[in-house]
Amino acid sequence: MLIIEAISKHFSGSPVVSDVDLTVPENGFTVMIGPSGCGKSTFFDLLMGALPMDAGSIRWRGAAVPDLSRLAAYMQQSDLLLPWLGLADNARLPADIAGDPVARSGGRVQRLFDRLGLAGFEAHLPSMVSGGMRQRCALARTLMFGRDLVLLDEPLSALDAITRRSLQQMLRLLQTDFKKTILMVTHDIDEALLLADELLVLSPPPMQVTARMALQVPQPRCMENPQLVAIKHRVLAMLQEERPS
Amino acid sequence: MKRSWTIPAGILLVMAGIWEAGSRLSGLPDFILPPPSRILQVAVGHAPQLLPHAGITLVEILAGIALALAVAVPLAVAMFARPSLENALAPFLVASQAIPVFALAPLLVVWMGYGLASKVLMAAVIIFFPITVSLLEGFRSCDPAYRVLFRLMGADFWQTLRRLYWPWALPYFFAGLRVGVSVATIGAVIGEWVGAQQGLGYLMIQSNARLKTDWVFAAILWLSLMGLALWHTVGWLERHCMSWKDRSTQTSQGGSIR
Amino acid sequence: EAPLTLMLDWFPNVDHLPVYVAQQRGYFSEQGVSVKILSPSDTADALKLAAAGKVDLAVSYEPQTVIAASRGIDVRVVGRLIEHPLTTLLFLKSAGFTAPADLNGRTIGYTVPGLMDVLMDAFARVNGIKDYQLVNVGFSIVPALSAGRVDAVMGPFKTYETVTMAAEGLEAGFFELERWGIPDYDELVFICGAQTLAGKKKQVKGFVQAVARGIDAVAASPDEALADYFKAVPDADRAVETAAFGLTRPYYASGQACDPVRWQAFADFALKHGLIEKPVAVAPLLPDLNAD
Amino acid sequence: MKRSWTIPAGILLVMAGIWEAGSRLSGLPDFILPPPSRILQVAVGHAPQLLPHAGITLVEILAGIALALAVAVPLAVAMFARPSLENALAPFLVASQAIPVFALAPLLVVWMGYGLASKVLMAAVIIFFPITVSLLEGFRSCDPAYRVLFRLMGADFWQTLRRLYWPWALPYFFAGLRVGVSVATIGAVIGEWVGAQQGLGYLMIQSNARLKTDWVFAAILWLSLMGLALWHTVGWLERHCMSWKDRSTQTSQGGSIR
Amino acid sequence: MLIIEAISKHFSGSPVVSDVDLTVPENGFTVMIGPSGCGKSTFFDLLMGALPMDAGSIRWRGAAVPDLSRLAAYMQQSDLLLPWLGLADNARLPADIAGDPVARSGGRVQRLFDRLGLAGFEAHLPSMVSGGMRQRCALARTLMFGRDLVLLDEPLSALDAITRRSLQQMLRLLQTDFKKTILMVTHDIDEALLLADELLVLSPPPMQVTARMALQVPQPRCMENPQLVAIKHRVLAMLQEERPS
């Protein structure tokens, strides 16, 4: 279980994340949704220790940790692929750094690439593929971290509906079959509703949790489900009224 | 980039022509500025005498470059890894560039004698500096977002160096190396100021004392050719090491620039 | 007053003292010339620039002048400053050499490649030094000697480098060239380009006469002459230059006319030992300033 | 980056101590390597004699840097704008680095006389090269995607230069400038080879010939101080011109690196 | 009217855009939708002359043009903000380059920033704002081009539902009130249906136009509209069956 308590952060005077608590059960799938610029990426950076937090504490499996940098895989909002490496080499990077032999990690990368529709582009440089393909490669790299906790910041934002659908299924698989604990940011409410065990609606900055909804709809879900449609309208209304202007 | 030899050769010809005509018309005597025809005549006609000297100097240059690289790269890495070290060493590195040879020559004589070592050292002192400075600036220019990524992947400093900082700083490294190999020629010549019995620098001093200015310039011609060869070698190496840039020039991200 | 530029062979030192005396005491003015004294970046520069007419006069060495002549560079010797060689084969007194033959099998340094190494070869041949090794020491003469990298150095002046060594507590011994088979020559001479001489003969003559008066004045009252010199060259090292002056005094030229016979002898010697490649007839080098 | 003066000063003290002890114990005579106490004594005690020379040299250095910049920046821009020009000029630029002063000295005298000009020129010849090469490499490293953007905005070459290429190449420019100002000291000294009557280089040659090694090193000390001052000026300028980097060090994109 | 005929492009052997024809009526709003990596961005680059095309021709208002580089404003898929300029300066870039005085362009930028929810962030550097804010700044910059034709490559992909809704309205305004001709790529089918006069469904590479649908539903539209729902299902089905795997 991941327990986050009272995390705060300000940038030069203005608070960006304000006293956020969060509990993600082991093997849970928590999705965060909130207005653009509300502080989601900053929050993830705080969790990962990429930014120092002003206040707050993190506990993972009962133990207090300063941050999740050694515990979680993190897919940042921008792809951050190395321009001089081919896609497969980019994806293999975490395994390479962990010292895995290419022979072993190569197979895993290949399977991921097949699943992500990147087969045939292993040797392409990031500048030679489309934006969506770069995003998928970054996702592949994140999955190569091989960690139990996965933080995803808008992982599917550059993908078309069909590819997105397929990768959503893959993310579910990750949770169910590979027992990962997932924390994800998305702007797509449908995506959130299809995937989340728990949905957090966030406020404009300073970011706070406005609503916490447990979704007990069983998988596989479908957006026609009236329960989901109802939640969708509630979430939309909430986001709408939060808007200052 | 495709390199055509015709344009520089053309410019060279025109310049040589002007110089030739100028030196014939202006009455500037040969022993101050020999005409290019004379220089060429010596440089080519006396190649058998010049080449052994050129060979010695080339060895010194190459050894100087090797030594400079062996110092510059670890130094830049160390200073990047420990900014306090940079802080501590930078003054000495900068000061090292302010010391003229003749002040060092007596010391070199005492410590290293008259062998190759002192020349190689002199060349290296001159070459290592641009490489170190450029490489350090290159390491520093690395995008912090990538640094974070590597830290999150659990990479230690050496892994990050090898897989991120080094490739990132490569263009800086090559800029420094280009400067380094170009000044390497004069580095070796300056090294030959003292204690040399051969080499183009020695030949130049000797020819100068004997008022054989044409020989001095013929030696310069050979030196320049060596410098150029090194320069192009670096260019080739750069294109080779950064071939990914060529591969990605025509892309939907980059586009072709007309 | 007609302006003249004089470029020295090296940085100013007591070798040039008579010139400064002439300037300080207004001898040049009396001859209707005003002299601007320049230092060169290299000993060869003075000769080159004089030959090219870019300076009017230069201080040069007889060996250098002969080499220039053999290369067809049109210079004229118009006067003298030092009338015997000061260049020596110098060593540490503690080495105990008494004759050149003691240098058999030794390492010998030299200051200027192309010049001093050739001279050394000639010296060795004349004096029967065998299997010695030559090393170019540049101007790191004393360090090379005191570090034991070389046993002797060809090139230092017996009147100057010996003194700087003494100032460092090193006693120098030396073999004088003219005593050991090298023809006597004029160490420092005044030269000018052929064109310059043709165009400014009167001024050049005036210059030479003024220098001659300077030399006479040095002989007459050395202490005042030295004082004048220090006035003109304020950053000279007093102790060293005073001592060097004492050693140099006997060598200031007694007359401004060069001896063609002696010059020819040196030129022939130079040809024989490879200092020059083409024979030089010295007569055209040594114009008679008094003839018209 | 905060710079502490204590560490380098400490190192300096320790090194000076070792050197002092070494030169007293080893019996290496003062005229080869004077002990630091002696050097300091001359450098400070004779400051009234040294400072006027240092002033002259400083003027030459500054003028040399100014001239080098005035040449290097347009040259790099021109070569970047017209690769054929780069192709044509590069050989000459590289060759210019292979020419020792003594070959040029008589020519410089003939062409420019004994004034400041020849010294400034020599210094500039040495300084301009690293700046040109680094700047050119910096221009070239510009991301083609941005180039396309500027073309689509209808920017002509000069606008793109001012708003894209130049800020993009700034870190490269500063790497080159750092090297340039560091070698500027030796550039001016070398310039003083040519017919100087004053300046630290002139003083050094003279003192060297007179075996006043302590004066040589005192002059080097002053030169090094000048070099350091220039180096730090460039560092300050760099931080000033690229202050946006400081402003954005702690961001959600970059993160702070511990 | 923009008439594009038979545009083709291949990269090292493999065709990416194959014989695409397109007609965008003056003041029209054409939306392209297609699988990730199918060649949409490449197609836009070809139109803009950022990439040389293998074959094809472009006519604008009756005249043949080599490309649209001087005619159209282009918002690329990545934001390409200059990291050393503040957001407002980044947005003002096209005006600066056109030589507009700051006094004049400043007001326009300010109005755009207000509209885009970037007010207060004028001086922030791109690295100091969120991904969605960067995207909005890039959109502002594109609109500062002040050209009649606007090409948008996934302009709203990083925005939350509410902000996105508001900016969709703004894009409509651009068409109706400012008489711009708009060509847009999106992965959001709802967005496409809400905005498009004509919808193009594209095939996986080599990119071809699979279907062309004129949407005569009057504005303002709403996704509950049965006509749109029907089209949405058709498009989804089309994209689905195109998928090779």
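Labels for the chains are A, B, C, D and E, by order of writing; each one numbers its residues from 1.
Throughout what follows, a contact is a pair of C-beta atoms (placed from the backbone, for glycine too) under 8 Å apart; a residue touches a chain by one contact, two chains touch by 3 or more.
Here's who's who by UniProt: A, E = ABC transporter ATP-binding protein; B, D = ABC transporter permease.
Model, not experiment: these values are computed from the prediction.
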Chain A to chain B, fewest steps along touching chains: 1
Centroid comparison with chain A (C-alpha atoms), farthest chain: C
Greatest separation from chain E - chain, by CA centre: C
Where chain B and chain E are represented by their mean Cα positions, the distance between them in whole Å: 49
Distance between the centres, which are taken as Cα means, of chain D and chain B, whole angstrom: 16
Multi-partner residues of chain C (each touching 2 or more other chains): 42, 48-49, 52, 139, 142-143, 147
Residues of chain A touching at least two other chains: 11, 41-42, 45, 50, 78, 128, 130
Chain D: positions in contact with at least two other chains: 31-32, 102, 106, 110, 145, 148, 151, 205, 208, 251-255
Contact footprint of chain B on chain A as seen in their complex: 45, 48, 50, 69-70, 74, 76, 78, 80, 82-84, 93-94, 96-98, 125, 127-128, 130, 145
Contact set on chain B toward chain C in their complex: 28-29, 31-32, 102, 105-107, 109-110, 113-114, 193-197, 202, 205-213
Complex contacts: residues of chain D adjacent to chain B: 1, 3-4, 7-8, 11-12, 28, 31-33, 83-84, 87-95, 97-100, 102-103, 106-107, 110, 129-130, 133-134, 137-138, 140-141, 143-145, 147-148, 151, 171-172, 174-176, 178-179, 182-183, 185-186, 189-190, 201, 204-205, 208, 213, 216-217, 220, 223-224, 226-228, 231, 249, 253-255, 257
Of chain A, residues touching chain E in the complex: 11, 33-42, 77-78, 117, 128-133, 136, 154, 157-164, 187-189, 236, 239-240, 243, 245
Complex interface listing, chain B residues touching chain A: 145-146, 148-155, 159, 163-164, 167, 242, 244, 247-248, 251-254
